[in-house]
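One chain, chain A, links the two complexes that follow: it is found with chain B in the first and with chain C in the second.
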Partner chain A sequence: MTLFTEATAVAAKDLRIEARGHRIAGSVLPLAGALIVAFAVVAAPDPARTAQTVPALGWITVVFATVLALKRAHDAESEDGALEGLLLAPVRRSAIYLGKVLALAAELLVVQAVLLVAAAVFAGPPSVAGITAAILGTVGLAAVGALFGLMTESAHARGATLPLLMLPAAAPVPVFAIKAGEGHAGLWLPLILLFDAGVLAVGALAARHVVED
Partner chain B sequence: MTRRAAEPRTTPPPPAPAPGRAAVYLDRISRHYGHVPGISDITLSVERGEALLVRGPNGSGKSTLLRVIATALTPTSGGGWILGHDLGTPEGRAAIRLDTELIGDTTRCYLDLTAAENLRFWCRMNGVPRAGVAAALDRVGLLCLHSDPVRGFSPGMRQRLALARCYLRRPELLLLDEPCAGLDPDAAAIVESLVTEVAAHGGAVLATTGFRPPTFRTTRVLTLFNGELTADRRQPLYGTGRP
Partner chain C sequence: MRRARPAPLTGKRVLGRATVAALAASTLTSVLIAPAGDPVERLSYLQAPLAVVAFAGSAVVLIASVAHLRTGSASADRLAAAAAETGFAFALLAALVGALWSQAAEHRWWTSDPLAGTIAVLAAVYGGYLAIRRLQHNPDRTARWAAVAGLAAFPAVAGVYASIAAWRPVTLEAQLTRPAPTAAAIACLVLGTAAFAVGFLHLTGARVQLGNLEERARRDAWASVRHRPAPRVVPGRARPGVGARA
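Moving on to the complex of A and B:
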């Protein structure tokens, strides 16, 4: 099998599990909607403040969704030792990592799409640069999350370890994305792209060492 | 629990065969968990067609030995060849995984997927045609539950699902860690037929047990104690009460 085939098989499996549990849709989206509505109502007299606040709220929500999705993935892989089965199959380690990035990115993009619609309602339609930054930033979050997710899963670390490790590494993503959406796309979009490429490359190369026991 | 003194080794270590002939050849393999030795300095050769029983008390290293052979654990020192592939290189370990199946205390299923979905996923990961999924489920008595999530399965049913995975993969090297624990007599018979098939087709089987006799025929018995190989006897053993 090719790397792409293996990665898409892993991603399809993760997405099927998420579709069964509806954990993201059932918990993150209502929270996201409530947060944005609450802050939009509070900031309603000041459209400028609303426009500044809503993107940051959106990224906080996406980061929260990332941690939740990784927790769900951790549970699915650790129950009954499923991850070990994946590691004992003749599958490239980089394919396992990239498959998890694909699945996580797909889940987070759904959250992003809902948030962008909510943001459009309260703060006006986002710019093309803002949408691009949202997509690229989501991929970056997925790349970081999948890497640290595999790391903590393989080390049998407690679930609370993951956010402690992941959040500092993922911190540049929302900063770059918000800046790109504020009209400095020429500088910040390439930075997001560079960040994504760097993390994906490191993750694909390091996956074997991360999961070997 | 106090440990008895280790029994002295009763047989000399086997001579090193040509790496390509033996199903398993380990050369002074050790695996430590921090400072605690899981297995120490084990040299072992298993020919194709053999069915070995690995015996020993709890904590003697039986599971560690199987997991090292299966490449689930990396040896701390030593080396070996599994099915003609070098255990010490990433390429060798990847090749070992192609034809080796480990059934252990966890069945490695995704609990939110159905039985059939689990098998189809494992077929895809192992490059095995998915057409045999229904037949494999039927053979282990789970065909009627193929669309049920594995989360609702009992431990014995999950173990049957793991056996179905073996039937699909038809591994050359089958590693069974306490294979009959929690299984009813019908399921234990499935294990027996699987062991017989693998050995008859030129594969090799290593199965662990405490000190209970196996429910399938074995041709050789290894004894581990405190992570060390203390006995290696060519001694046919059969299921309880069977000739």
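Moving on to the complex of A and C:
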């Protein structure tokens, strides 16, 4: 089996759990929707301010959603020693990491799609560069989140530690994506791509040190 | 009465004295020689060198982390931890100086300046790295995870740095209206950076030494526990320390 086949198998397993458990639909999507609506209503008296702030608020919402999705994924995997079963399977550690990235990115892209529709309602339709930046940025966020999610999988203080580790490491993603949506996409989109490639490479190479026992 | 013989000049002492001398020289040149339209601008001769050295510290963490993952060297792990602690202190100092400058110049503690944002992210990255070192009780796993975190943090630091470089064309107009930095200003910045770099080396070296002593103390403690003779138990009598108060 190639690395890609193994990674897609892990991702398919995670997505199957999501399809049966409705973690995203049940908790993450309502949270994302509530946040964006609340922010948009608060900024409603000034349409110009709404248009300026909605992209940033959308990204804050996606980051919150990432933390929540990782927490729910951890809860699902800690039941009945499911993670131990995965580690016993004959798949490479890097494939486990890449599979988690694929699954998390797919889940977050659903959240992004809902948020983009909400943003279009409240602040006008996003540009093509904005949508591309949202997709690439979501992959970067998933790459960072999956790495630290695996790292804190067995830690006692996971709830507090995961955001503490993930948020600074993922800080460039919202900055690059928002700037790409505002203009100068030719400059910011390659930066997001470089960031994604860098984190994915680090994660794939370091996965065996993180997912060891 | 005999005078105490002065302690021999070790590498650590030389570095310590060099740090004090370099910082004094840097402060004096910033105050007396460096050109500044407003006295508050002199803070930039502190902030920029602090930020540069804090960034250089993240490169030290990266290199030491790679070395630890490749070789499993405990020394590399201690160097990464020491550089992260010192770098965190430098990043916080740079943020503090920036806030003071902003307050004096614009009457608010925070301005959306690319350098200020970068320093804040760098301090947060260092904070996360140091948090992970306190996450586990298993020293081997802590070292391994910290090394991975040191690696994963690098794209963030590089990305934020790239964002500064990319931001620059936006503020080009503002840059063009400013006078070009004079040779005296550049010399002061270089001297300041060199002074803080020597300080960084000194503090990191001292922290590594402290880490070595901690490791030795931990090993000695384990050895003493292992070699302690088992308490003699006499049948029919209470074991020493058990039920002594009863």
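The rule is simple: the second predicted complex is superposed on the first by the 205 of 213 C-alpha atoms of A that agree within 3 Å, B and C clash if a C-alpha of one lies under 4 Å from a C-alpha of the other, contacts with A are read in each partner's own complex, and residues count from 1 in each chain.
In the analysis below, a residue touches a chain if its C-beta (ideal position, glycine included) is under 8 Å from a C-beta of that chain, and two chains touch if they have at least 3 such contacts.
Nothing here was measured: the structure is a model prediction, and the numbers come from that model.
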Superposed partners chain B and chain C on chain A - clash or fit: fit
First, second, both or neither for A:E182, with chain B first and chain C second: neither
First (chain B), second (chain C), both or neither touched by A:L167: second
Chain B versus chain C as contact partner of A:A9, first or second or both or neither: first
First, second, both or neither for A:G203, with chain B first and chain C second: second
Following superposition on chain A: angle at chain A, chain B versus chain C, Cα, nearest 10°: 90
Touching partner for A:G21 - first (chain B), second (chain C), both, neither: first
Residues of chain A touched, compared between chain B and chain C (which is higher): C
Nearest Cα pair across chain B and chain C, whole Å: 5
Shared contact residues on chain A - chain B and chain C: 212
List of chain A residues in touch with chain C within their complex: 144, 147-148, 151-152, 155, 157, 161, 164-165, 167-172, 175-176, 179, 184, 187-188, 191, 194-195, 198-199, 202-203, 206, 209-210, 212
Touching residues on chain C, where the partner in the complex is chain A: 69, 121, 124-125, 127-128, 131-132, 135-136, 141, 144-145, 147-149, 151-156, 158-160, 162-163, 166
Complex contacts: residues of chain B adjacent to chain A: 70-74, 90, 94-95, 97-98, 100, 102, 104, 106-113, 117, 121-122, 124-127, 149-150, 158
In the complex with chain B, residue positions of chain A that touch it: 1, 6, 9, 13, 16-17, 20-21, 76, 79-82, 84-91, 208, 212-213
